[in-house]
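Structure first, then comments.
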């Protein structure tokens, strides 16, 4: 008997870790800070000086960030690197710097200097170039709603599949394959759903995505409830409906199996 | 009198448990405790599990590698172990002594010749460089030879009467009889290959391919929290193996063979 | 019979299993590249000069390809990179030319060097001896290279490493009354500083803790396996230095004029017009030596040692400079690989003239350069001494520190240094 | 040629027993082949490195490296320290592991639940181990605070010769669980009937341990002896992190010597040191096997 319980516990932990891996891939992609970059532009042809916007520099004007491309786990990624540099002087809102400072150490490739970023940058943050796209809040809410919708039925399905998984140990292959398929569907759905999510970085907290406090005061601040109250209501109703339906289904098939077994 | 004896023994094992569980408790504290001022914070768990897939991908890679090495080595050790213990072939004694001796060579010595050999075989910069030398390590063979030597020969002769070939003998007689040893070997080799640090650094090119153990061996003080979480991550498979094979490890010969 | 053939099939399948594992050896060695390749390993701070030299080398010799690998600055990446490089070198396919920076005694700046201890690396046979090429090269006769520096890179009479830049500490005083210090030891300088009113001398003597590793130059001879580190002398100087520093600290109110500091450690390239005379800072035995900063060497496993030596010499002889001046272009490589003090007088002259230092000052610099008796490689022991003394001297200003505390510290540091020197020498 | 005809002669005169001669070769072939390729050939490369000099094309120098090695005073100090280190740690760890394994063998099953925690010290990341050691024995560590409370002035244990005992404690703490597991695995395979049978004849606990548990453990003890030498070399990372590359003379072990020479690219010294270690161990195991066979000829059992 103990073997069975250990095997199910092991599978549960395995599934949990797999979901975490998939989720963390998506979280990392979502949490990339959107930036606008600019390259050092020469004033006239022969002068040694170049101009970059003042906003590139931090408060005490001692350094700026540039986007450096490096090879990550899943293809190339942009990372923020700090560079020491002091502006020679500042016109209205452009800073004058030595031309070579705008280039990387080999002096050939111009640096993508970060002029505008959604959150204050730190060394090593992942970046993504900001493309201005129109954000359809309603669609986001719907995706979020259906993501939460599939959570409960998904978990119930997984619990059932973990039980079926233990039959695999007793050697019946059919149960094993079936539970593998369920896990595959679960991970695929999470991956694709969170993939469609496209929330602009300003609405997400600075560096800790589960920062509930940030979300609450964001809703109060933007008074989201008034604008999108109606859609929110519809989604909550659907989610409630789906959850209730799945609980009913589970209850029903339990009683059915019990009656079949007692016959 | 018996009750005092039992109390003495229970106290003794409580101390033993405290000493042995100290590392786990210590790691739990390290992963949560962020210094006197910061107090408790679950940030390192968030960093490892949710913030970026880096650690988890490394964990899967390390897990896959260690499982492959342990499985491969256990299977080969069973075959070679029976050959050394029960059968005879040319120079068996010399092989055994040489194998036992070569387990002792320290890592700095074997690193360079392995590098030269793997470069000639073209294994460098791929997982093969770590796994295949691990599979053929003599540790499992030498140990299982000592274990199988104690099994009585009558069982083998009985099996041979039913015309069982060598592999069937191993599968049905020798492996069930020494299940505690084989499970322990599997877990020991798993832990051994989990702590591999020098080989990946030398044999693999990019930093991204390194398994989790290279990160765990780093001494950067600021990442103690994350290292403790990864250490706990590693405890999961080992604990799972032990719990799963608990009956074999504790009940010994009698139950496993005849059940 | 049946079991025999079963055995045979089993053997065959095991055999192909092993071949499968060990096979797949793509014979990439077959298409030997027609071009000769020269692999160079260099520090990232030499990037500009090394790349320019590589371009020049490829122009001069079209079928020669120069591949440069730079040691990363990030400490963790550098650690793994060096570990990999060491294995490759010992396995026989290391780089051909080494252009490395020696260990710096100030840990805030220093990074792990590829050759932990250059003296030991010369003994390990990883580097090729360069006598053969140096005889044929005319540079060593008519060039202005300082021959004493070459002894640092020699082992058993063979020249393995060539120092490319060095560094030494000087006292730069506005008044010319420091001739009497020229042949004294550091201890006598301390006594002199107590009575004299030369502000610069006082500052320099107060700043001795910043380079405590240099109180005794070249404290060990790795070839004869002897250690010259005189513990007693070091301890007495430690105590007298701290007493002097404590008394000075109490009277030190604030800098008299702009530019004065409490403790100072100068180098020749900080010279300005107000300097009248320059004197090299001696060690406790009265010797005046510089320490090697950047150095070059050729790997033993290099096939074409001739062109490797040529590439190495590009940083000393002015071949690039003359070639580029014919084409009317300017070049970074002017007889030195980095911004430290060059090892030849022609390079010193050209560098300081270019910066616009008056001829008279340039002569003073050359004068101090000629005074240097030799050079040596810094090791981890000097680094340990500099850090521990610097830390100890910070506590010098709280009043209840007394003699016994200094004695304890002095003997602890001296003992550890003596122990480490012996370990390094005899390992 | 000689081997083949020697082999043929043996086959002819051998009586055809139930077990055919040399049928084990097939079973052991993959392991032996893999061992040859990945462990024996590298050892030959090491031997070749130890008798030659230079990098790239190496020329044969015979035993110069060995002569130089045995004149090297640091190597002799390292060997002395390592022997002292092993002679202290190995017996204590093995004895403690054996007693604990025997004690754990026939106890309540629930207690056996702790069996998995024996391996936890092996898994703990090195950084937190060193952090723990510095916390306990470091300059401002708990041990010093305790001593100061008692009134004795605590020193920084890690620099003094006492660091040697810290290292021994580390070895014991880290590998005791490892050996307990190995012994437990062996003891599980003794059928319970032996113990009941002995109890019938009135053998008390000590006698049962002496006459049943110990004799069956002797081959495994031989194995763990070799294992403990292997693990002693694994402990170098802690020693390295505690004492740095040039620690106090009392804890300067063979691993430090090898690591420093690896840094200095002097592979000749490491390979000659390694070959001499293997030769020494070959001699020691030869002596032990001789004794074991002598003892075995004395009384037949097992």
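Just so it is clear, A, B, C and D label the chains in written order, and each chain counts residues from 1 on its own.
Note that in this section a residue touches a chain if its C-beta (ideal position, glycine included) is under 8 Å from a C-beta of that chain, and two chains touch if they have at least 3 such contacts.
Small disclaimer: the values here were computed from a predicted structure and weren't measured.
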{"item": "Reference chain B; chain at largest CA-centroid distance", "value": "C"}
{"item": "C-D or A-B - the one linked by more C-beta pairs in contact", "value": "C-D"}
{"item": "Between chain C and chain A, distance of the C-alpha-averaged centres to the nearest whole Å", "value": "48"}
{"item": "Centre-to-centre distance between chain B and chain A (centres being mean Cα positions), rounded to whole Å", "value": "36"}
{"item": "Chain centre separation in whole Å, for chain D relative to chain C (CA means)", "value": "42"}
{"item": "Interface hub residues of chain B, defined as touching at least two other chains", "value": "111-112, 116, 132, 218, 220, 243, 246"}
{"item": "Shared interface positions of chain C, touching two or more other chains", "value": "22, 90, 92"}
{"item": "Residue numbers of chain D (touch at least two other chains)", "value": "26, 30, 34, 37, 262, 267"}
{"item": "Chain B - residues contacting chain D, complex", "value": "9, 12-13, 16-17, 20-21, 23-24, 26-27, 30, 76-77, 79-80, 82-84, 86-90, 92, 95, 97-114, 116-117, 132-133, 135-139, 141-143, 146-147, 149-151, 157, 160, 166, 170, 177-178, 180-181, 183-185, 187-188, 191, 194-195, 197, 216-221, 223-224, 227-228, 230-231, 234-235, 238-239, 242-243, 246, 249-254"}
{"item": "Complex contact set, residues of chain D against chain C", "value": "26, 29-30, 33-34, 37, 53-56, 72-74, 245-246, 249, 252, 257, 260-268"}
{"item": "Residues of chain D that touch chain B when the two form their complex", "value": "3, 7, 18-19, 21-28, 30-32, 34-35, 37-43, 45-46, 49, 100, 103, 107, 109, 111-128, 130-132, 177-178, 181-182, 184-192, 216, 219-220, 222-223, 226-227, 229-230, 233-234, 236-237, 241, 254-255, 258-259, 262, 267, 270-271, 273-274, 277-278, 281-282, 285, 289, 302"}
{"item": "Residue ranges of chain C touching chain B (in the complex, touch as defined)", "value": "6, 21-22, 24-26, 76-77, 80, 83-84, 87-88, 90-93"}
{"item": "Complex contact set, residues of chain B against chain C", "value": "111-112, 115-116, 119-122, 128, 132, 165, 201-202, 207, 218, 220"}
